[in-house]
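Structure, as C-alpha cells:
Every chain is named by a letter (A, B and C) in the order it is written, and numbering of its residues begins at 1.
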Amino acid sequence: MLELEYLMRYVLCILAIAVIINCVWSLIRLRPDKKVYAILLNMANDEQHPITCYETSVGRSKSCDIIFTNSTVSRSHAVVALRKDGFYVFDTESKTGVYVNGEKIQKSEKLSDGDVIAFGTAIMKFYIGSEADNDISHKKDENIKLSRLVNLADNTEFTLDGDFITIGREKGSNIEISAPYVSRRQAEVFKYNNHWYIKNFGKITKTALNGDAIFSDTPLYDGDVIRIGDFEFLYEEI
Amino acid sequence: MKSISRRALTLYALIILFLAGCGLLYYNLVTNADSWAMNRANQHLYSNGSLATAGDITDINGEILVTTEKGKRVYNKNKYIRLGTLHTVGDSAGYIASGIQTSFKDELTGYTLKDGVYNLKRYGKGNDIKLTLNAEVCKTAYKALGSKKGTVGVMNYKTGEIICIVSNPTYDILDKPTDINTDTTGKYDGIYMNRFFSGLYTPGSTFKVITAACAIENIPDIYERTFTCKGKVQIGEGYVICNGTHGKVSFEKALNKSCNVAFAEIAYELGNEKMTATAERLGFNNTNIMVSEKIRSAKSKINLTEAAALDLGWAGIGQYTTLINPCQMLTIVSAIANNGNAPTPQIVNEIISPEGKITYSMATETLGEYFTSDTATKLDDLLRSNVKNYYGDSYFPQMKMCGKTGTAEVSDSEDAKPNALFIGYSQNEKTPFAIIVVVEDTTVSMTSAVPIASKVMKTVKTEYAK
Amino acid sequence: MLKKTKNVNLILMLFVITIFQLTCLFTLVSKAVDEHKTGIILTFGIYILVEYIYFIGTRLVLKRKGFEVELIAFLLTSIGLSITASVYPDKALKQLVAVLIGIFGFVFLQWLLRDLKRVSFLRVPAAIGAVGLLAFTLVFASFTNGAKNWLYFGGISIQPSELVKVVFIFVGAASLEKLQSNKSLTKFIIFAFACVGALFLMYDFGTALIFFFTFIVISFMRSGDIRTLVLVCTVALMGGLIVLMFRPYVANRFAAYGHVWEYFDTSGYQQTRTMIYSASGGLFGVGLGNGELRDIFAATEDLVFGVVCEEFGMIMAGAILLSYVALLVYSIRHSKYARSSFYAICACAASSLMLFQASLNVFGVNDILPLTGVTLPFISRGGSSVICCWMLLAFIKAVDRSTYRYGGVRQ
C-alpha cells in the first residue's frame, strides 16, 4: 500500500502536468486565422478595404480599423458589424451620417451584398466576401488546394503543385531570389494533410508571415503575405 | 477591433508581473525549502517542538545512541553514554545547536527537495547516521572528567575521525534538570554549548608547542642555544615569572620543564610578525573548521599587533590574549603526529538511507600542510621527550605517548583557579590517536588534566589495540 | 511538430483526466472512514459523469473542437474537490452541488452571451440587481471572520460579492458601436464605485481590490483613456489612505507583511505554516491526505495553495499557476477576432480577474504580497467562489469565435 502510494504521487503529478501542459501550450499557440468576411470597395479610386473582424470601426481617427482621410468623415464614424443574421452598419454619432443605397440610416441598417454605403462623401461598395459563404467555404476545405504565390513586386504568379516548393538563392530553387541577404535555402512551402504550410530555413533574414517572423511550420491562409527581406509574396487560393 | 486588441496587449504586463512573482515564489521555496521544512512548527517532524520521527544515530560500533520508537526519540540505555555523548548527539528540542540531531536534521529526517518529507511517511524514519564516535571512550572520558567543567576530545590523527567528544557540564537527556534556567550558582554555565567545538580557552603552556614550531622554523641555531632561568626575566617594562628556577636549560629541556623564561625570550626574539604568521598558518584567526561539512568550530584567535615587548613574552607562553579552540588545537596536534599534515576532523562516518543504501561515506581529507615534515619530526621528538623524560610513561603504558601540558591562568585574582590543559598523541601504529583535555577551575595540569588523559588513552588502547 | 498548431486531442486528454480523477478517488476512499466512502464515491461519480456529458454534448451536438479551457477548468476543479473531500469528507457533496451549479451557470451564460441584443437589454437590470444585492448584504449580513460578506438562507451561505464579479464584467463590457457612440465612462465609474465602496464597508478588502483592478482593466479596454484612469486611481488611493487614517486597525491586518517569521505565532501564523508545509511537500508532495497544513484555519480556502504544494507537490502547483496565465494569453490573442468587442473585453477582464485573484491568494500566503484572504480560482473550497469562476469561464469561452457558429465561420 505504501509503495503504491509512493508511486501514485508521481503518477498524479505526471497526469496533471500532461493535461495542463498540453492545454496551456495549445491555448498559447492557437491563433484564429485571419479571414476576409467582406470588402468595402472605394468607388472613387477602386481601393479595397477588407473587413477581417466581426466588428470594424470606420473613421478618420488612427485607432479605427478602416481609416478614411476624407474631411467629411468623422473621427469615429461608423461600425460595420457581422452579427448573427448578417452584416449591419451602425452610425456612431457621426456628423455627416451614414447612407445605405442613398438613404440616411437611423442608428443601424442591415447590409446586403452589393449595397452602396456612404460615410460622409466617401462612397463604398459593399461586397460580402465568398469566405462568408458557409457552404462554399466548407466545400473548399475538403478539396483544395489549388493555390499560388504572387510576387507583389511584378505580379508574377507561381502555381503551387507537387508536395513542396523551395524558395532561396540556390540555383534550382522553385522560386529563385537573388539577393545577398537571402539564404541559399530560405523557405519551403509544403503540403500536409491537403493544406499548405510554410517553414523558414533562413539564417540571416527570417521569413515573415503577415509581418510576424515564423519559427515553426505555419499554415497558410488565403491572403497571407510572405515577406523575405524586400520580397513579398501573396498566397492565394484559386 | 484593432484598438481593443491593442489595449488587450498591455495585459501582457500583468502576465510578466505574475510570472516574475511566481519566479520569486519558487526561488524562495526552493532555496529555503529545507530550512522551512525543518521548522519546529512542522508537525511532520516535530511534536511539541521536539524532533519525533527521524533516523537513528549510532556510534562507530553500531551502538545506538538515539533511535525512534513509536513516534518518540529513544536514547541509549546507559546513563554515562547518554551524558558523555549528549553534546555530540544533541537534544531533540534543538537547544544544543552543534548536535547532530540539529545540524544533520535534513539527513536524519530524510528531507529531499524532490520528495519533501515523504520518506518519513514511507519508512517511518529518515536516514541513519553512523558517527565516528566510540561510546565506550566517551563514557570513560565523561567519568574521568567527573564533576569538572571542561572538554575531552580524541581524534584519529591519520584520518581525522573524532572518536570522543565530551563536554561538561552536561545533563541526562532523560532527566533534564529543571533548574537550568533559574540556577544562579553557575553550575550550568554553557550547558548547551559543546565546548569542544565552540569553546575558546587560554592555551597556557600548550601554546609553547606553537612557539617552539615558530622557533624551529625561524631560528636555525635554536638547538645550540641555552637559556638561563632565574625564576623570572625582564622583558621590556616588566617581568615574566617562571614556574620554577630552572637554571641553564637547552631548548629541549626548556620545553620539558615548560620554562616560561626561555619561551618568553624566544617569543621576544621571534617578534610578533613571525609568531602571528605561524599561528595563522595553523588556522588562527582565519579558519572555522567545518566538521563533516556541517558543524562549525569556533575560530582560534591571536592578535599581537598592539603587543608590547612584555606582552609578546607572555604570548610566547600562551598567557596573552590568545585563545584556542579545542577542536582546532587537536588538529594542530594531529598535524604534528601526522608528519605535518592536518587531517580534517570528521564526526559522521556513514549516512545510511532508509532502504539500507549507504549514501555518504566518510573520506579522509586534509586541511593542508601545517608543518614541514622536518619541523613535524622535530616537534614530535620534543613532545615525546616531554612524556618520556618528564611526565612519565607510566601514565600511558606502552603507548609511546607524546604530549604537552598547560596550566592557564585565567584571572589575576589570588584565589582564581587555573584551567588545566593537556595535548598529546600516541605514536603507536595501532592507536594513532591525538587527545586534548581541558579542565576548568582546577589545579596544575599534572594533577588534573594528565590523569584524565591517562584514563581515556588507556581505554582507547583497550578498544583499539586488541 | 505540426500537431501543436492543432487543438488538443479531446479523447486522449479526457482519458488522462479521468485516470487522474480516479486515482484521486482511489486515494481518498482508501483513507476515508467507512461512513464517508459512499459520499466521496458519489461526488466523484457524478462529477465525472457530468464532465462526460458536457464534453460529449458539446462535441457531438454543438460540434465544437477547442476544449482546452474546459479541460483545464475540469482538472482544477477536481483537484479542489479532492482536497475538499479529503479534509472535509462530509462537505464533499455540498461542494459538488456548487460545482454543478457552476457548470450549469457556465453553459447558461454561454447561451445568454450568444445574443448581443439580449445582452445589451440585460445590462442595466443586471447593474441595478448587483448594487441592490450588495446593499442588501451590507444591511443584513453579520460579521464572519472579520468581514461582513456572507448571507445565510436556511443553512445555505452565499457570498454575494462572488456573484457580483460576474455581473460586474457583464455590465462593464460593451460592443464596439456602443463604445464608439458613447465614449464616456461616467456611468460605469459610478457603478464600479458603488460596488467597491460596498465591499469596503463590508471590510472585504481583498474582493474590493479585485473589483477595483477589474474596473481598471475594463475601463482601459473600453476607452484607452489613461488620463481618466490615473485620476480614478489617485482618488481611490486617497480614499484608501483616508480609511487607513481613520481606521488604523485596518492597517494592522497587514502589519505582518514582509516579516511573517517575526510574527510566527500571531499574525504571521497562516503564512509561515503555509511556507513550512509547502516546503515539506517537495516537488512531488507527500500524497493526498498526508498533509499537516489541513489542520490550520482556512486551509482549504485561503491557504489552499499550500495544501496543493504539500500534498500534490510544487510542480503541480506551478502548473496550476501556469494555467491561469494561459487563460489570459488565450483571451488576449483571441480578442481581435472575437465576434464583438463585448466578448473581447469580457474575456480579458475575466481572465485577468482570475489571474489577479490567484496572485493575491498565492503571493499572499507566501508573503510576497499582504495576506488578503481571497480564494484560489477553481481550487479553493466554497460554493460561491467556484460558481463565480465557472461563470467567468463562459466569458473566456465566448471570445473564441468558433464557440458560436453563425456568421459563416465554421472551424
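We take it that contacts are C-beta pairs under 8 Å (C-beta built on N, C-alpha and C of every residue); 3 or more make two chains touch, one makes a residue touch a chain.
Computed from a predicted model, the values in this text were never measured in an experiment.
*Asks:* Could you see whether A-C or B-C has the larger number of C-beta contact pairs?
*Replies:* Answer to which pair has more contacts is A-C.
*Asks:* I'd like the most central chain, judged by C-alpha centroids against the all-protein C-alpha centroid.
*Replies:* Taking the mean of C-alpha atoms per chain, the most central one is C.
*Asks:* Distance from the CA centroid of chain A to that of chain B, rounded to the nearest Å?
*Replies:* Computed from C-alpha means, the inter-chain centre distance equals 76 Å.
*Asks:* CA centre of chain A versus CA centre of chain C: separation in Å?
*Replies:* Computed value for the inter-centroid distance: 34 Å.
*Asks:* As a quick test, compute the distance in whole Å between the mean CA positions of chain B and chain C.
*Replies:* Measuring from centre to centre gives 58 Å for this pair.
*Asks:* For chain A, write out the residues touching at least two other chains, lowest number first.
*Replies:* In chain A, 6, 9, 53-55, 57, 63 touch at least two other chains.
*Asks:* Scan chain C for residues touching two or more other chains and write them down.
*Replies:* Touching at least two other chains: 176, 224, 284-287, 313, 325, 329, 336-338, 341.
*Asks:* Give me the residues of chain B that touch two or more other chains.
*Replies:* 1-3, 118, 121
*Asks:* Note which residues of chain B are touching chain C in the complex, please.
*Replies:* Of all residues in chain B, those touching chain C are 1-5, 7-12, 14-15, 17-19, 21-22, 24-26, 28-30, 32-34, 36-37, 39, 41-44, 111-118, 121.
*Asks:* Name, in rising order, each residue of chain A that touches chain C in their complex.
*Replies:* Those in contact with chain C are residues 1, 5-6, 8-13, 15-32, 34-35, 37, 53-55, 57, 59, 63, 76, 79, 81-86, 90, 92-93, 108, 131-134, 137-138, 192-193, 197, 216-219.
*Asks:* Which residues, counting only chain A, touch chain B once they are in their complex?
*Replies:* Answer in residue numbers: 2, 6, 9, 53-57, 63-65.
*Asks:* Any idea which chain C residues touch chain B in the complex?
*Replies:* For this pair, the touching residues of chain C are 176, 217, 220-221, 224, 264, 272-273, 275-287, 290, 292, 295, 309-310, 313-314, 318, 321, 324-325, 328-329, 331-332, 335-338, 341, 344-345, 348, 352, 355-356, 358-359, 362-363, 366, 368-369.
*Asks:* Which residues of chain B touch chain A once you look at their complex with the stated criterion?
*Replies:* 1-3, 118, 121-122
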